[in-house]
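Scrolling down, you'll hit the structures one after another.
You will see two complexes here that share subunit A, one where it goes with subunit B and one where it goes with subunit C.
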Partner chain A sequence: MSTLEQAVDLDHAIVARRTGPSLNLPALIRRALVYVLLSVAAFVSVFPFLWMIVSATNASPDIVTGKATIGEALLTNVVGFFTQVDAPRIFWNSAFLAIVGTLLTLAVSSLAGYGFEVFRSRFREKIFGGMLLMLSIPFAALMVPLFVMMANLKLINTYAAIILPGIASIFIIFYFRQATKAFPHELRDAARIDGLKEWQIFLHIYLPVMRSTYAAAIIIVFMANWNNYLWPLIVLQTNEQKTITLVIQSLSSAYYPDYGVIMVGTILATLPTLVIFFVLQRRFVEGLLGSVK
Partner chain B sequence: MAQARLGRSEQINGWLFVMPALVLLGMFMIYPILWSLWMSFQTGRGMNFSFGGIANIVRLTQDPVFQRALTNTFIFLIVQVPIMLVLALLFAAALNDSKLWGRSFFRTAIFLPCVTSLVAYSILFKSMFANDGVINDFLLAVGLIATPIPWLADPFWAKVVVILAITWRWTGYNMIFYLAAMQNIDRSIYEAARIDGVPAWARFWHLTVPMLKPVILFTSVISTIGTLQLFDEVNTITAGGPSDSTLTLSLYIYNLTFKFMPSFGYASTVSYVIVVLVGILSFIQFVVARDRR
Partner chain C sequence: MSGLRLRGVTKSFGSVKVIKGVDLDVADKEFVVFVGPSGCGKSTLLRMIAGLESVTAGELHIGDKLMNDVDPSRRGIAMVFQSYALYPHMTVRENMGFALRFAGVAKPEIQRQVQEAARILELEPLLDRLPRALSGGQRQRVAIGRAIVRHPEVFLFDEPLSNLDAELRVHMRIELARLHKELKTTIIYVTHDQVEAMTLADKIVVLRDGIIEQVGTPLQLYDDPDNLFVAGFIGSPKMNFLKGVIVEGGVRLPGHGDVVVPAREVAAAGTPVTVGLRPEHFAQGGPAMIGVRVELVEHLGGETYAYARHGQSELMTLATNNARDLAAGDTYEARFDPAELLVFGADGKRLR
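== the complex of A and B ==
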């Protein structure tokens, strides 16, 4: 508990500094401890990323013996990756699944989130309550029946099988319903008086006004789709259709995994989400928090 | 009532907006979960099955592999979730200080692990925790250990690696929720308590924690659901080994269905164990949170 105490005691230190030159020794020590704690946490958090980059320049035997300095094998690893796997194809697969999946999820789920908030009735509230309960159904409980269902529908090895179960996302429906509470209904009333139909109001007024909600939702859904592993692992069984996540996993589960090559793949798999995070950091965090507000 | 105010066309429109999502949820969530319930009473292999009553439940009680998977999952849950949430709370408390130098750097660094895919970071951990890997090198160099720890070859240490990995990936995620909630707390409450001579730990325990209770509840529920479904990490880092010491319920369901001759009925029974556990644990968490008000 003592470190917690020190962390919280920052308030104390600030107040003390504001009120006068009473920055005494214990406060200084506390402050130093907070910096030590945060520095260690930051280092531990960032280290695997540095490890990934450094390892991409080393040969596999060096990586598993802990060589933590830049090596000369980067080119070999890159060439190795592009010869061992059909990289353009795999990236196309991942990108296609993530983009189409995200667009469909956003379309269907935002429509429902808007619908639940704007057209309320007692009956619909009950359905919505039931949906929130379903939020806690774990995917592990769905994967077996979904697999059998997809097999019966002859959809194994198709992208439809991957995308379909995720389109109606309770989480995103909930997110949009919450966000719609802030949508001014004067806008809707005015549009109705102007004779716009309900779908026109949604498309021409709601959509542009809610741009930032959509942006945050797109980031969350895209990330989830891009990184998805278990369901594609079950449904995609041929190499031509595999995603980058499946490919780096299968490379790493070889008996003698070539870590140099795998690191190149891991960097390429992480890059898109990393770029999205740094470019749209604020939206990213807003999207995360949106569900609890 | 709201229902009376809704016109007929409004009613139809309302249903049209939510219908696509409801149809998809019915097909890919409600139908599979009911099918799975029915399947859990069937025995047999592949698509040849017959009604077995409680035969699968009896099998659960006699299946040592299931019991090991259940125990492992609980160990991960009981050890990892509290460590992660306490760390997240600690970091959030330290970062909730507008005067802290380098605040946004620390926040970004600690949050950074969240952008990696579960498979990608698992591969990084697998390579870092190799027998002669960088982690052992570091621990030997600073003198914390005299001989290398067999991280992935020893049942105990393999669990430790999985726990470290999940903690690395999700602490920053939970921290963001706490930080957002802390920023909504009125600072004057702390100053009043401080002037009244309430010590720092008491301010944290009696002011911050009660006010964060809804968020702590939220994060512990989602972490519990997440841990009960743990799959990507164990499948990538240890593949459930050594000797099933990191086998989780999800991995066992996967093995039952896709590794061996599929046993859909029994796999469904195991998956219902997860559903029931999620239900019970979420309920307990809600009750505990209410009583401690």
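== the complex of A and C ==
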């Protein structure tokens, strides 16, 4: 048989396998099982969103009894939300904290990650290892000392109290150090010969080349900041600085919580992260795959 | 107008010494090639000249100036990297003009310089593309263009052709030779490919383990190597080496019937030596003869190479003056002119 004939034969075999009459029973069962599992997983992740949207259209008593169909109370709930809370104020608070916090975290942590990878020093690995160890300390153990620190610095009830502790994020430093391993060192050499100082290399070469990495980091940090609940709850004690997550929580701890209103708030709180994610989605995937071309 | 002068230059990384004292003079407008096996320190030496690695000890002059501690951008050099190192987020035009922009050169002047370099390298139609939309050869030309616009006194090339396919490599080699004629500047070029070294260089510097083994023109190194290493490294196919012993009036080569080849008296009788013979020396024929057993024959059309052993020797490569009827298993009388014979002592040094 010539190689061409063999190739044609092989082709037929592949086509036959794909088109299916020869799809045998165990394979069929395996495939069915996969679909069932994936469907369950999809349902589990999508259901809360559906429930949230459906509930926002129903009155609170209906929600409590488990009504799962679209209702007519959406307008009432929206009006209720905007009369019960100072929406512009709390969205401004949340947005300010999330945006400024994200920018500062990226600025500091990406610089640190870059530095850890690019500059050789005798203690580099020891310091880095020590930092990674600290990742294992749960936030609950840091809460009280951090609070005391903030109190001593007279930062309670300020934005700074929320932003500062997160700026040097060990996880983001680690993430950027890993990503920097794929940053070609010859680009640095070329830039040095072109006359750039270290900070100019970072700004003019590293930053634009690594934009996928930054996009992924923006999503991660922005979501964490936007959804941050525990720490703001501790350091923000007046209503002026409260964020959307805190406000939603306070709504649900009312004597008669209005779940319709709460669901409207939840939807509004979800939107910014959704927008950020969809805008940066393609870059997010690239960033996690670590593509430097 | 700028040559280079290196005096006692060394480089250590921690306790590891990678450059162990290099003295070298490079004349103005000379095309110098650093060649050697990987790990010999040739790239490190180039990076030291560029200022990307510090000089541990010794003096490095470019032109008349001591450059040991001068910033890379102020040494009057430009470098072309193996991976091209083009800025991926900038167009060809921006890549080429970047250094000038940073040096504060006026926009119209940058534009003019970039156009000029693009013309020399035939890059004009590609000026607005990003590097990722270019082929390997085009990227290489952009990298060279980026170096040209800076009008350096010394060009540094770090294995610039090793990422290209064989055909393109030959083409770019010719381009580089042409470019050197056109630009009339000093070029230092690092490669591990001795063919590139032979074809491009005015002067070859052979490095091994952080020291210079020999410096000379390509043909000097080819015809008159100082030691076994240079003899074996330069030339393709490689030089053949046979173990032998000095006897009166020549060298005895153990093998089929102990051939004694006449040679000049280079050492006392009884000294063990290695003799070197280039493959093509066998094509010319001559009065001396060794009998070999052919193990493999390569017909290239224009020439036929026989791979053969003399007794228990290493496999030798012989040019046969196109003996097309030669076959594996044949015994072959390999004839050569004993005057061509190179003799090396036990320490690898040439005995002249």
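Just so it is clear, the second predicted complex is superposed on the first by the 254 of 293 C-alpha atoms of A that agree within 3 Å, B and C clash if a C-alpha of one lies under 4 Å from a C-alpha of the other, contacts with A are read in each partner's own complex, and residues count from 1 in each chain.
Heads up, the rule we're going with is that a contact is a pair of C-beta atoms (placed from the backbone, for glycine too) under 8 Å apart; a residue touches a chain by one contact, two chains touch by 3 or more.
Model, not experiment: these values are computed from the prediction.
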item: Which of subunit B and subunit C A:Asn227 touches, first, second, both or neither; value: first
item: Touching partner for A:Glu186 - first (subunit B), second (subunit C), both, neither; value: second
item: Which superposed partner A:Ile205 touches (first subunit B, second subunit C, both, neither); value: second
item: Partner chain in contact with A:Val285 - subunit B first, subunit C second, else both or neither; value: first
item: If touched residues of subunit A are counted for subunit B and for subunit C, the larger one; value: B
item: Touched partner set for A:Val108, first subunit B, second subunit C, both or neither; value: first
item: Shared subunit A contacts, counted only where both subunit B and subunit C touch the same residue; value: 292
item: Residue ranges of subunit A in contact with subunit C within the complex; value: 184, 186-187, 189-196, 200, 205, 208-209, 211, 292-293
item: Interfacial residue positions of subunit A with respect to subunit B in the complex; value: 1, 3-12, 14-15, 17, 34-35, 37-39, 41-42, 44-46, 48-49, 51-52, 55, 63-68, 108-109, 111-112, 114-116, 118-124, 127, 131, 134, 136-149, 164-165, 167-168, 170, 173, 198, 202, 223, 226-227, 229-230, 234, 245, 248-249, 252-253, 259, 262-263, 266, 269-270, 273-274, 276-277, 281, 285, 288-289, 292
item: Touching residues (chain side subunit B, partner subunit A) in the complex; value: 1-3, 6, 10-11, 13-18, 20-25, 28-33, 35-36, 39, 87, 89-91, 93-97, 99-102, 105-106, 108-113, 115-121, 123-128, 130-138, 168, 172-173, 176-177, 180, 187, 190-191, 194, 199-201, 203-204, 208, 214-215, 218, 221, 225, 228-229, 231-232, 235-236, 239, 249-250, 253-254, 257-258, 264, 267-268, 271-272, 274-275, 278-279, 282
item: For the subunit C and subunit A complex, residues of the former touching the latter; value: 47, 50-52, 71-74, 77-79, 81-83, 85-89, 98-99, 102-103, 132, 146
